[in-house]
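Both complexes below contain chain A, partnered by chain B and then by chain C.
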Partner chain A sequence: MRITQGTFSFLPDLTDTEVSAQIDYALAQGWAIGVEYTDDPHPRNCYWEMWGNPMFDLRDAAGAMTEVHACRKAHPHTYIRVNAFDATRGFETTRLSFIVNRPATEPGFLLKRHEVGGRQIQYTIESYAAQAPEGRRYE
Partner chain B sequence: MGSTPNRYKSGVMPYAQMGYWDPDYDPKETDVIAVFRISPQDGVDPIEAAAAVAGESSTATWTVVWTDRLTACDAYRAKAFRVVPVPGAPGQYFSYIAYDIDLFEEGSIANLTASIIGNVFGFKPLKALRLEDMRIPVAYLKTFQGPPTGIVVERERLDKFGRPLLGATTKPKLGLSSKNYGRVVYEALKGGLDFVKDDENINSQPFMHWRDRFLYCMEAVNKASAATGEVKGHYLNVTAATMEDMYERADFAKQLGSCIVMIDLVIGYTAIQSMAKWARRNDMILHLHRAGHGTYTRQKAHGVSFRVIAKWMRMAGVDHIHAGTVVGKLEGDPNVIKGIYSICRDSFTKQNLEHGVFFDQDWAGLRKLMPVASGGIHAGQMHQLITYLGEDVVLQFGGGTIGHPDGIQAGATANRVALEVMIKARNEGRDIWNEGPQILAEAAKWCSPLRAALDTWKDVTFNYQSTDTADFVPTPTMAEA
Partner chain C sequence: MHDATAPMASETTERAKADAAGTGTVPPDRVDLSALLADSRVTEVLDELDSELIGLKPVKSRIRDIAALLLIERARKQLGLVGGSPSLHMSFTGNPGTGKTTVALRIASILHKLGFVRRGQVVSVTRDELVGQYIGHTAPKTKEILKKAMGGVLFIDEAYYLHRPDNERDYGQEAIEILLQVMESQREDLVVILAGYGDRMDKFFASNPGFRSRIAHHIDFPDYSDDELLAIAELMLHDMNYRFSPDARQAFVRYIALRKTQPLFSNARSIRNALDRMRLRQANRLVADLDRVLTADDIMSLEAPDVLASRVFSNTSVE
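Right, the complex of A and B next:
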């Protein structure tokens, strides 16, 4: 399967030129770029590991691309995303978030059904990959 | 004039002379201000008509009453302070009326509206009356909860940023069994939509009772979430005959793990506010379908403009509101829709007469309301939708998903690809308004569901003149397509 989190997951994987163009756009809006990675892509895992702090003072996409490359090199078999943070009053949140690296194979998720009374089912989603210990999930 | 003994002589007196017209009045920061479009009966002076509206929407009755003198009655009288002809509409006038904040109960849309759109709309000296806009003072706004979730928190909960959200309404609206209904939900969500939605009139009918629908829909939602790794949702409509029934349904939705429930505008302002508080208490996104609004918002001479309804709903506290598409099958002049969207989404809405926005409105930290565009829209219009409506909007393609020739999943995928490719192009600096069709055609080369969608609906447009247009443009505008 292909995890479709992020703004552009239904498109073919973005090339570095395309990633760089999106970063240019975000910087032009005054947003700060952050790079994050994880080997636990559960839909409700909102805290991916931060590849350093968001780059608040960076104004050049090339600088952000250096961090993307460094993160890919250090964590080639994980999901990596680029986030853009907007500190404007009334937003103060992520404005753009897209995946720039994914593992070669994505085993997906198990939907566990716990049957309770009255035909109700309690659902739990489990990542097949996350059943292995952290760091050995996409080897 | 208000304090002289003659003012209180028994009998009938013009409203303007009773203290409801004051051209020198300078509205206070804390006043509620309303602007009405008034159409006086032939021979009725517009200023007297405006004063009558002020009177009938505040303290007046048809005759002088001595009991006014037991009160600080000047303070309680609404004051018409400005009457101007409507451009290009003979016999119609915009009348600005100020109301002291103490005329209204805190945090109550029911109380606000009982005055402002109460008896006055049936008043005989007027042929017609329309509430065009209101300025709500910050002091009064702060007594309202507002949207339980708001755009920012909704996006964080859903983990979806940088693009409009995608939805669809399950079709056919009526007749599907719960199990078949859930099938549509699963296919659409797995194919790429973020949300599927019950329609406004899906409650608990003989062909599908609500508990059964909720159970199947949550199976569909969770299965699609596991299949995609995304947070997914289905707006479970909890609209019912009584508050007790609605609470029961909403509690069941929560128990099943739904992230969103929906209500219809026809349940009424008080029920909406009750559900808003329930949603805030229960971490639930609250979707509002504006069923019924067209009966009083569409005609320009009489009723309440939808921008006012949108304002009231942001105060009452819903997270989603259907607010027009510009290009689809339902009423929506581009300028008027822009005005409504700014009321939903701005932190501070600037006066913009061309968009029908009569006042600056400071929203005082009230959360933002996500507009929903639905009704006769399809993937081929993506560049127009994004240009008109921006990013913080739910685009709902019901027929445009379910009617896809290759099935519901393909329909959903076509919409999602069209959306992502257009946002990507826009961010890259391309002129999507002009290059949109070409951008879609390029994507259709590698995405066969998009190709089939474009082939099927390429010529579908709904180019009818809008009835509800702004008055400060020379001619009514038509949606370009």
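Right, the complex of A and C next:
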């Protein structure tokens, strides 16, 4: 099951040229670029691992792309996303975030039903991949 | 197969552009160099360089070469002849005050206008910003600077400090290796300019042959002649909204000749310092006579006494 998180996630995967163009757009807006990765695809998992520090003061996407490539090389079987952070007062938040790498196979989620008092059912989802320990989920 | 399709694609887009601009179709087997020249801003850039920088013949001629190369590269692209991007890394050597830093700062905007670099920013660094203080500190530091410089020019002033021959375990070597790797693999993203005094740069290149061979343009900045120094002084004064009176100009010609014979002469930098001191003396002279009503002309002009009060003249009279 294809994970759809962040911008562009319903489109086919972006090519490097497209990623680079998006980063250029973010830099033109004055946003800082950060690269993050994770192997836990749960939609509520918002704290991904940081790949190095966020990159302030970049002028060109080439610099950020070297980090994207380096992260892909080190973690080829994880989700990698590019965040663009807007430091403007009033925003001070991520303005753009999109996935630039995903595992070859994405096994999807198990829907769990939990019966509670009065035949009520609480639903939750659990990623099949996350059943394996961290670091061995998409081998 | 891939090679065969790529040029076709670029050719059609070029044609489409030409059509959109209303200039008619460009035949794929020939190019109009003069149209390309007019389209690019090469002439404008070169004229600006000629008018704003005095002397520096070797530098200007090399920039002319590079500009010509750009035109031909564009023409080749139109014909679908794809070649690797040319290496533009440079090394500027020369005595103090010969304009190395000034040209380096300017060359980024030149390369940007000529379309060789995408952004045209200059990241100016010295050893401190590249080399770390402990093990594992250098690589991230150097890489961060490189990332900031991507799409523009990385200017390393006094580059020979990167290499400390007396200390084998100096972290400078690590920075050099990272630089070399990026200079080789990402030369379309980044232009590296090294600058420093001639003799020490020679030693630096001798101990790092990799650097020497990866730099395509070794440009030597000559010392300025007396006439050039005078022209530089007048240009500087003009920028500061001052001017020499005829007497002061005569005196300054003598000043240049004398100052050149004295130790620690550093070309245009010495001239700038001399002018700054003359401005001080002029201000002092004007303030001394408070009753006078000054015209704009009085405030703008440097007089002969402002020049002649210099220590340069008094030293020679003592000797």
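Some points to look at:
The criterion applied here is as follows: the second predicted complex is superposed on the first by the 138 of 139 C-alpha atoms of A that agree within 3 Å, B and C clash if a C-alpha of one lies under 4 Å from a C-alpha of the other, contacts with A are read in each partner's own complex, and residues count from 1 in each chain.
The working rule: contacts are C-beta pairs under 8 Å (C-beta built on N, C-alpha and C of every residue); 3 or more make two chains touch, one makes a residue touch a chain.
Computed from a prediction, not measured in an experiment: that's the story for all the values here.
In the superposition on chain A, A:91 makes contact with chain B only, not with chain C. When the two complexes are overlaid on their common chain A, residue A:82 makes contact with neither chain B nor chain C. By the touch criterion defined above, A:100 lies against neither chain B nor chain C after alignment on the C-alpha atoms of chain A.
Contacts of A:71 after superposition on the shared chain: neither chain B nor chain C is touched. Of the two partner chains placed by the overlay, only chain C lies in contact with A:63; chain B stays clear of it. By the document's definition of touching, of the two partners only chain B reaches A:1; chain C does not.
Put simply, more of the residues of chain A are touched by B, taking chain B and chain C as the two choices.
Contacts of A:129 after superposition on the shared chain: neither chain B nor chain C is touched. Interface residues of chain A facing chain B in the complex, by the touch rule stated above, are 1, 3-5, 7-12, 18, 21-22, 25, 41-44, 46, 83-84, 89-98, 108-111, 119-123, 125. Taken in their complex, chain C has these residues touching chain A: 118-119, 121, 140, 143-144, 146-152, 186, 189-190. The part of chain A that touches chain C in the complex is made up of residues 52, 55, 57-64, 66-67.
Considering their complex, residues 152, 155-156, 159, 161-163, 192, 215, 218-219, 222-223, 225-231, 255-257, 347, 368, 413, 416-417, 420-421, 423-424, 427-429, 443, 446 of chain B touch chain A.
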